[in-house]
């Protein structure tokens, strides 16, 4: 059952600290989350300092969008960085009731990598091949399926002309190295690693595609509109800070990744993929409309649904 | 006439209550999909063949893994019941592995076999064979010695005794072990399919998992329904008749 | 003296063969960790308390879920054995749910309860209670009517008959159902823990999962070993004595 | 062999059990089984009556009617002039299979009936139970499990259990059917002794004619389809009777003859 | 009652079974149970010998030695002058519990022994099996399951199964122990008829003295701890014998006396 920290609309008081349950992934495309989490770890939390005393941020790590959305819907999470597609999917599946987009976060940093041995040169070579995506229904998965569909292939959830397989990122790399996978549509740093460690070739870069956004549960924006507004502002500031001081941001990202995955990411690798990402808090509604079209075309969504309440943070927050 | 009526009313009431709850809007449709949505998913998935394809993949895995499990468990059980040195060694190993939920093998299976059919089969075999080994051991040990004595006085020896006395005499116990083995195999395959992507085909568990990933709870509930039907069918078509036959024939309750 | 010797030689040989295989270098240590690595993981994890903590979390989940499952299954079984209308309705539902591997509930449980203890308990309860319901139903139905008749002629009525005749008479069957329920609960909890992160504490399954994530196969094998030990302990400490007691007392094989 | 004998049965001084024009038919799924048809009989206080007859002639049914475990379709059964409406502690039943409770040990089984008797404290119950166990010669098996007993010992425990609440009437349904001859003879002696010492009213069902002659004051012969009382034999042999005695063998021969005649010619009422 | 009787046993014209100075001790985990001690006896060709004695006196052990299912520690057992080295189709055994195979129907059980007999085609086997089923009066139950039969019917199937391979020797270990009296008498008649028609050599173990007297040419009385043959009675009553006959009762009384005396005074060898 969802936890109620206070009665709806009640202001945060010092007596009862408000806990914001905040989610992100251990991915470089979630640089905002990594940086802020790392700062919380160091005792100088970015959000804590900007949301005022009595607000506590608890960080939770998810590996994939759908499970983060699941947590948001079941009330285990208030705010999270996530890919646009799972957010959109959750919004539409809940008939527009439960999910609100607060801001954009990252563009780019995703792409389609194929084996470097030349077995795939153009879209029609994909027939009968195996392509991995990080998770069914996530942003890259939808992009991949839609792209293949545009190339004229028939794809279903469980098969089709091209096998699109949801496979976790580390497994993707191993399978790609063994040659079991013919292509992978994924995010940084895996795109770079596939290129550098497995002789992969970036076939379709997505420099401009929305990769990460900041979403909150509708319950949160409704019950704590003020807090939601402050949080969005803090996120904007964070974005500006990341863009302004990339070296510090990269240091925090590497430290946080080491803390969370217990594996060091080389500075070299991070430098390689950093320029492929654009950090911006702007939201483009037309992108979401495009996503809906794609999701419909690959069969993940049946009805277009209502998007008016999805990206209206100002309206929600203002009320 | 009255009994079917009560049951019909009950199930209709259950559906109606579910429908009303879903329609009440108290819960988001993600948390509680409406029965009609589930039905419409089933119709669509049946029409586009994805359900049948997934059921086939799952069924094949289960059948092959289960047969392999029997192929491993039966001879092992014969060995451990016959030789004390085997029951002190292999028997102990089997007992330990029997209490190990076979999903625990998934990580190792993925490493050893990769994301292939082999990994799935390995998990199913690990779920099946120890139950069958233990039941075979039990069944052979619990044969009343009088059967063998009687057979011997009538001139039965060696292989004839095995085929005409030991096998049929231990059948009731072995059968119940095979049923338990099946239950474990079914459960471990579902667990493995739900949580692990396999390059060689998507089964019912995968379909359920995809439903979860897409937050399509109508799909999740629809696939659960199909899983119940498949499970009941295996029970009603394979095991119940076999058990009934044994019970009728042997006059036992085992 | 000879039997323990054979067993000791066998297990020593097994360990040695494993060690030699691992040392041969044919397989990477990720695929086949050496027995000493596994032992050293176990020593480390035992020393830093992480094993004990995880075992405690798992054990508490299992105990609470199992007790809830019994609390649901026993009364249901009484109802379905007593009233035909219940067995035609609830009994059918229970039969269907019994064949549904309880891991299939994981997606729904996560949505309904969030990543909380509640979700885990729900999965365990779904794995346990139907087995127990069916066994209770069976056990009550299979009581020889002569026991009740005899009790009635001696003046036993109502609650006295229930407590002093029906409960003890059905105990052997109910106990075997509880054992099966435990096996299912144990398997579903492990599956759920291995594949689902829960905010309220990491159990043995999580430890195994982390081992896989970190490609620390010594941890995976070490935790598997602990799971075997926990499973065997539950069997040897709880169920075997209870079964032995029932068998000795009732003189049955059930 | 020519007319129903029910009318001929002479009541003893005090009538304990009266069965009057009782009929009972069992309705299965598809067919009806007439088990008893217009049966009348009386059993005197302190009398030992044996019912003999082939399998399926309704002996057990009659016993269950008297016990109050079944109810007649027509007619009525009364004990001490009171109509029987259910089982009661005044009428204990001993079934063919000992029907001991395996989850209680020997003394626990004997205590079962006593625990349900009001106005008895634990010590008194225990004492009574031990007294009856001694009577059947099983005091050293007080704590044994039921399945550790031989068939004869089980029946003796069942006897102790039936006797312990001190019922006035004992209804015994082929209690010694499954026992070997030696054990059986031993129990015949026990039963006769107990009956003489404590003056119970006993209705004893069997299909063993020698057993009936050895034990009963009266032997009633049943015939089946539907069950009826066909003939009555009064046994005046001195007690204790020897199962292998020549007189007993002769009376048994007579009754066996009658039994066979009724079987061969069931409708000659 | 004063000296061992083994020496006194007179051999019939042709000796079929000879047991010479046989002893047998069972070694359990901790203790040794002497089952038979220096037992000698002979059974003539076509003779019907009954062994009686209380439980545990080694009757079954002796039968198993003759059957070749156990082997003596000292002494030797021979049939037709050949030392017994294992079970053989010439000696069929009928056990106390019918030991029928529940996974075969009635005729399947009778066929079991026949299938192992060489030089018989399927039709001949079937015919033989049906012949013996007819002999025991169960031809209409050919296809019934074993558990559908009553105890008496099971024993009759076991009898047919033992007879079908046409053994010269029939070893019967309390085959009628668990049956009720009426069924038992029926089977006594069957067995006597079969024995007379086909001149088998029968060794019949029982603890029912009347049964032994009813069936046997000779009755050997055993005493326990360790098992020994204590006394021998030759029964010359005309056949078929009536179980309730007065002469039979008298002989049975004598033997029972002897049995009790040996029980009371086991060491008076």
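Each chain gets a letter, A, B, C, D and E, in the order it is written, and its residues are counted from 1.
Keep this in mind: a contact is a pair of C-beta atoms (placed from the backbone, for glycine too) under 8 Å apart; a residue touches a chain by one contact, two chains touch by 3 or more.
Everything numeric here is computed off the predicted structure, so don't read it as measured data.
Steps from chain C to chain D, minimised over paths through touching chains, total 1. In summary, the chains found to touch both chain A and chain E are B. For this structure, the chains sharing the highest number of C-beta contacts are B-C.
Over half of the residue numbers at the interface between copies chain B and chain C are found on both sides, making the touching surfaces mostly the same.
Centroids of chain A and chain D (each the mean of its C-alpha atoms) stand 84 Å apart. One inter-chain figure worth recording: chain D and chain E are separated by 35 Å, centre to centre, where each centre is the mean of the chain's CA atoms. As a whole-number value, the distance joining the C-alpha centres of chain A and chain C reads 38 Å. Chain geometry summary: the mean Cα position of chain B and that of chain C are 17 Å apart. Shown for chain C are the residues in touch with two or more other chains, namely 107, 111-112. In chain A, the positions touching at least two other chains are 70, 73-74.
Chain pairs that touch, as defined above: A-B, A-C, B-C, B-E, C-D, D-E. Contact residues of chain E toward chain B in the complex are 67-69, 86-89, 91-93, 95, 97, 99, 101-104, 112-113, 116-117, 145-148, 161, 165. Note for the complex: chain D touches chain E at residues 54, 177-178, 180-182, 207-208, 210, 244, 246, 249, 252-253, 256. Residues of chain B that touch chain E in their complex: 146-147, 149-156, 160, 164-165, 168-169, 171, 248-252. Against chain C, the residues of chain B that register as touching in their complex are 3-4, 6-7, 10-11, 30-31, 84-85, 88-89, 92, 95-97, 99-108, 110-112, 142, 180, 183-184, 186-188, 190-191, 194-195, 205, 208-209, 211-212, 217, 220-221, 223-224, 227-228, 231-232, 234-235, 253. Of all residues in chain B, only 28-31, 48, 50, 53-54, 114-115, 197, 199, 201-202, 206-207, 209-210, 212-217 touch chain A in the complex they form.
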